[in-house]
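You will see two complexes here that share subunit A, one where it goes with subunit B and one where it goes with subunit C.
So, the complex of A and B:
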């Protein structure tokens, strides 16, 4: 019924073409990946972790794959203007799944920092990257394997020891195509000891053709490294995304992640954080605002492998119309992970009868000296608060917006880039008022 | 101090399972194995009508198409279903003695278990249906209950005496297609209790069933059906024990409860099947499907369970809240020690309007055991104003055990209010130190803390049961803290 065979067929048939432009490092991993994909097939809804997300049907469309690496003539600088005022970032672009080389960045990077095409660096720095690339994703599910089999390029961010990049690295992923397209992107982030960085990844779509993006992010944080990673999805109802984020944290490293889904079609975000060094801390936050038939599924797994680590999770959903929200959060505390402090919160607002929320906060604990808790709620806006505001002369619609805004605010306030946070506040307000249905940033939509 | 604790508890840890004795009763056991002939034989031995045999065969044929479920957080060694005997009758009369007297050895067994079958000896206010292996041995206070119109008898008797009621309700809550063990049970179930409370009757005494596995290499597959008609009330208790054996024994039961308009059913379980020895050998596999259907408006069903026994527990007493304003409750204490594994919880399915459910689950894991809570709260599209509160706490005693929580919330309605929270902690040195300071010994202090922790649930049990459960709790945990 499903077409795994078609994908395997395309892979085998075009293997040469896929391999040709790519570094051996990328090509070496393909055989194993396609084998694992063939073994497992697409996840079905009978698989526990995909119970409410029928991903297999997304692959049924006859997508175009840019295996031949046809250069896209788009100039993202013309197409995309970031509408966040005062956000001074170093911009990198991935158009569909091709890295855009002609970026105009004026600032000079500190010595040793590598930011650029993953494929290029996989050729020039093969030895250095070999111990990182695919080392986390190889354990992933069949969709991560499919990405490894087909991926041809992406972004590398490498920051050497004790180096701090003050400027936020902004990766803009633009989708633009005249046909239905599938894009496979790969992002590898390595922060050596004591390195620090802020990164913003935003997803935009510049047309209404159906698309499917698979992306795999592998993040390595060495001792004392610190990364703030913000993801903002602002595509359209035709754009589907399956993302895998793998993070491995060493001693005293710090990882803050905020994943905001404003507009999308079908989104599945897998987040897997491994706390493998003592004193590591991770904060995962997420916000999804969905309406129409949007489907947002956040699946997180935080593994506490060693002692004295801290993890916090906060995910919020606002579901309107016929949208669906899925949250699965697992905290897995290994036997040796004593003195773990782990917290997980999931709060959801359902605004209509047709909105569906599926929440599965899970704890798996094998150590006894731990502090672990999770809480999950599904509910509506507080009637008393609404009444109070109406009493004070605030119209009911306005009062509703204020409350929803406050609800979302808890997540947004975790964003440490001031300009982005302020912008998001405005974006979300617009989103609630139904004024945001296209990416404001791109010139095509205007 | 840790070392000292260890020593204190090590001593008591070796204390044997109290109900682990075996009674030498003349038992009629059919040959092990499962096929259509075995099912016909069981049905024949019970002298069942044709429709019952059909019911069984249908279930058996469906069971053959199923695979053992693997989703639970349990490590279940492969079970050879052909190696189990599906019928054991300890009440078999010798040929020359055809009167109705029960084997005195059997009477003694139940007396030893603290369940006197003589009505004059029984604690006032509790009627008992005693089930050993595949057969109900005796049901007490039947006549008194009959005066009120209450039917309380064994399932086999009900099939003969009240076929219309059984036909109407059997399998209406747990269909034979429900799951692997439900299908197996529907095919081979042997005995159990049948309760019918007529309209407007408040059952004057607690009804209880006591299950005992005695014979070796047998499984127990009982089936309980409780029907509470409009405006009625009943409180039902269930207890169970088994002898200590090195091999595992299978117990796969079904409990179905139907709650009609304005009726209320309280179902309490103290599960104390043999949990296996300290090395994890032997013990009962307890794979049970329990479900209640709150069909009528304003109906109420409350499950209370204290799970201390069984090597592996797989059990999710559930409520289908179909009637408007119906209420479901689930209170559970699950204790696992040594190598025990438990995956237990509940399902609250909100279908009617203004339905409410409460889930309080307390897990206590010790030794090398694994204890999981798995629960579902589903609010359907038309279940307006549904309200759920779930609380799952886990207490870890020792660093080798595991405590897991897997709640599922499927919400399809915008005005549902659902809350879930879970915490995991251990008994802190400070708590113990505080008790020690006040002159309470460490051993006693742990008992105190654990009982305090489980109190919310124990309070829901009927009095006599609560005392038993409290004792059980401290015995089950002995030797586990260190």
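So, the complex of A and C:
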């Protein structure tokens, strides 16, 4: 059984090896991070925010860590062909936790745009990135600290002022290993004033041994910047993921996030949005479809720091068999955040008696002129609707699928990339029919 | 002539409470039967039992439909066999479009009959054709099933679905409730246009006015879980005039 000590031990023992290929910007943050990790330890179920997600046990496995940055011979082009027709994206790859340079990206990026290895850019653009890297995650919980201590690479997306990237940036994260593996990934996204981008992050796996991925995403949206970020997790029962997404939004910026958990093992997604410029707007949506013993936990915190900001949240879960869903949504309205408009909705379907949903909407308001609402429901499929459909000749299983599909549709329909939305409709339908029972990794996409 | 449906001594209960207490009824092909009766007499229970609503339990009796034991069939199998219920309260199904709903229904029926799925073009053509029958707005067809429909639109939508599925036995459960005179006429005309010599209809209603449009061959009065009176269409007029008291308290 591995505990905190082992991880600290590995870190200290291999410190040189960890640092060696990495930029000083990454290495400089490690000492503080490991100290904070050692202080706090793994979150326990006695911690309110991890009450229903026993994450410590995920770390108990003796995972392999690719600290020596051994090149793997995987060619992602052979392994992965994106199966979203008509989705023309610029594809970037992270294999396990190594950035893979995609030589097939032929389009020339607008002047000043940087997309590529975070570690490389942290060397070449150290000064520019120093005020961003880890500036949000440093306040994070012990798992974010562990990522900062061990992380060696990831992806940087930097878009200069008033620049728009029309092509969707697609980051494909592939997990491929013959042994139990832990991968630590880091993504830094910076959109300067008025910049616009669409991004899709897909999480795939092709392994049958247990894996644990930690990822930290830091997103900075300057005045008037706009980012649509879609995340799709399509791994398997052996794959566990702990994700931290931090977003800092300046004046009149716009952030749309949709996080879809289609197949997975154990997932914890932390989302922390800071609305720190007036007129900023954030829309967080999420959909989890779980069965067997899948576990999906979305933990969101939206901080309204200044006035006139808007936030909307919609999270939906469909839980079958013995799966577990957890949703914690906190809206924190600071005393200066007058004229806040904040809304949160969480709807859940428990399809069996053994499926469990834990929902915790929370509101903390310190301003007196705000409009805030939240609502959460847990229920079953509408029996009357099922019978109505059966009377019209629709077999009961088909009727259930139609209702579940309609339930999921409310989230999917928020996806603004048409090709992706259409594809998700098909994927979700397949998922309900049991055709995506377990992630076949990327053979699925061929 | 072979009977289309024969109900023999049918007893049914919900939550342990007996509602139907021995119904006997024969409907032959081509006939229109009206079932009338005061509130709570078991009219809706009868229609629900015939279509296999899971909340009701049949405790005694049998129902033979097209020579087969109807009660052994699932709700969807009954539908495939040609039984259609126009619901008293059509259900709203958020997020399921009328088009997808109808396509699933049509293709399920075709599959049950060993026919291939209908092509998209044929299906849309059929939708257009049948929609015209009840003046159903094309916009409604693109919306979620019954969601945001007015009372009249919901009932017209029921008849539209009936037109799509071409049932052999249609049960209209208070299809007239909540309809104004114009809507009533449209709905009734729709039903009449769909009438074929071999199809039968059971009309459940409180009022004579629907029967002005859909002419019954036989009128039954259901009271306290039993059919207490059966006669020709003149019975409906008599009930309209005299109410149900004379049936409840026979002198």
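As a convention for this text, the second predicted complex is superposed on the first by the 434 of 446 C-alpha atoms of A that agree within 3 Å, B and C clash if a C-alpha of one lies under 4 Å from a C-alpha of the other, contacts with A are read in each partner's own complex, and residues count from 1 in each chain.
Heads up, the rule we're going with is that contacts are C-beta pairs under 8 Å (C-beta built on N, C-alpha and C of every residue); 3 or more make two chains touch, one makes a residue touch a chain.
These numbers come from a predicted model, not from an experiment.
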So, after the overlay on subunit A, do subunit B and subunit C clash or fit? They fit
Rounded to the nearest 10, the angle in degrees at the CA centre of subunit A toward subunit B and subunit C equals 70
Query: Of the two partner chains, subunit B (first) and subunit C (second), which one does A:75 touch, if any: first, second, both, or neither?
result: neither
So, does A:403 touch the first partner subunit B, the second partner subunit C, both, or neither?
second
Partner touching more residues of subunit A, subunit B vs subunit C, is chain B
(Q) After the superposition on A, what does A:107 contact: first (subunit B), second (subunit C), both or neither? (A) neither
Q) If you stack the two complexes on chain A, which partner ends up touching A:387: first (subunit B), second (subunit C), both, or neither? A) second
Closest CA approach of subunit B to subunit C after superposing, in angstrom, is 14
Overlap of subunit B and subunit C contacts on subunit A, residues none
Subunit C partner, complex, touching residues on subunit A are 382-385, 387-396, 398-399, 402-403, 405-407, 409-410
Subunit B contacts subunit A in the complex at 71, 73, 381, 394, 396-426
Within the complex, subunit A is touched by subunit C residues 51-54, 74-76, 78-80, 84-85, 87, 90-96, 100-101, 104-105, 108-109, 112, 144-145, 161, 165
The residues of subunit A that touch subunit B in their complex are 48, 52, 335, 338, 348, 350-380
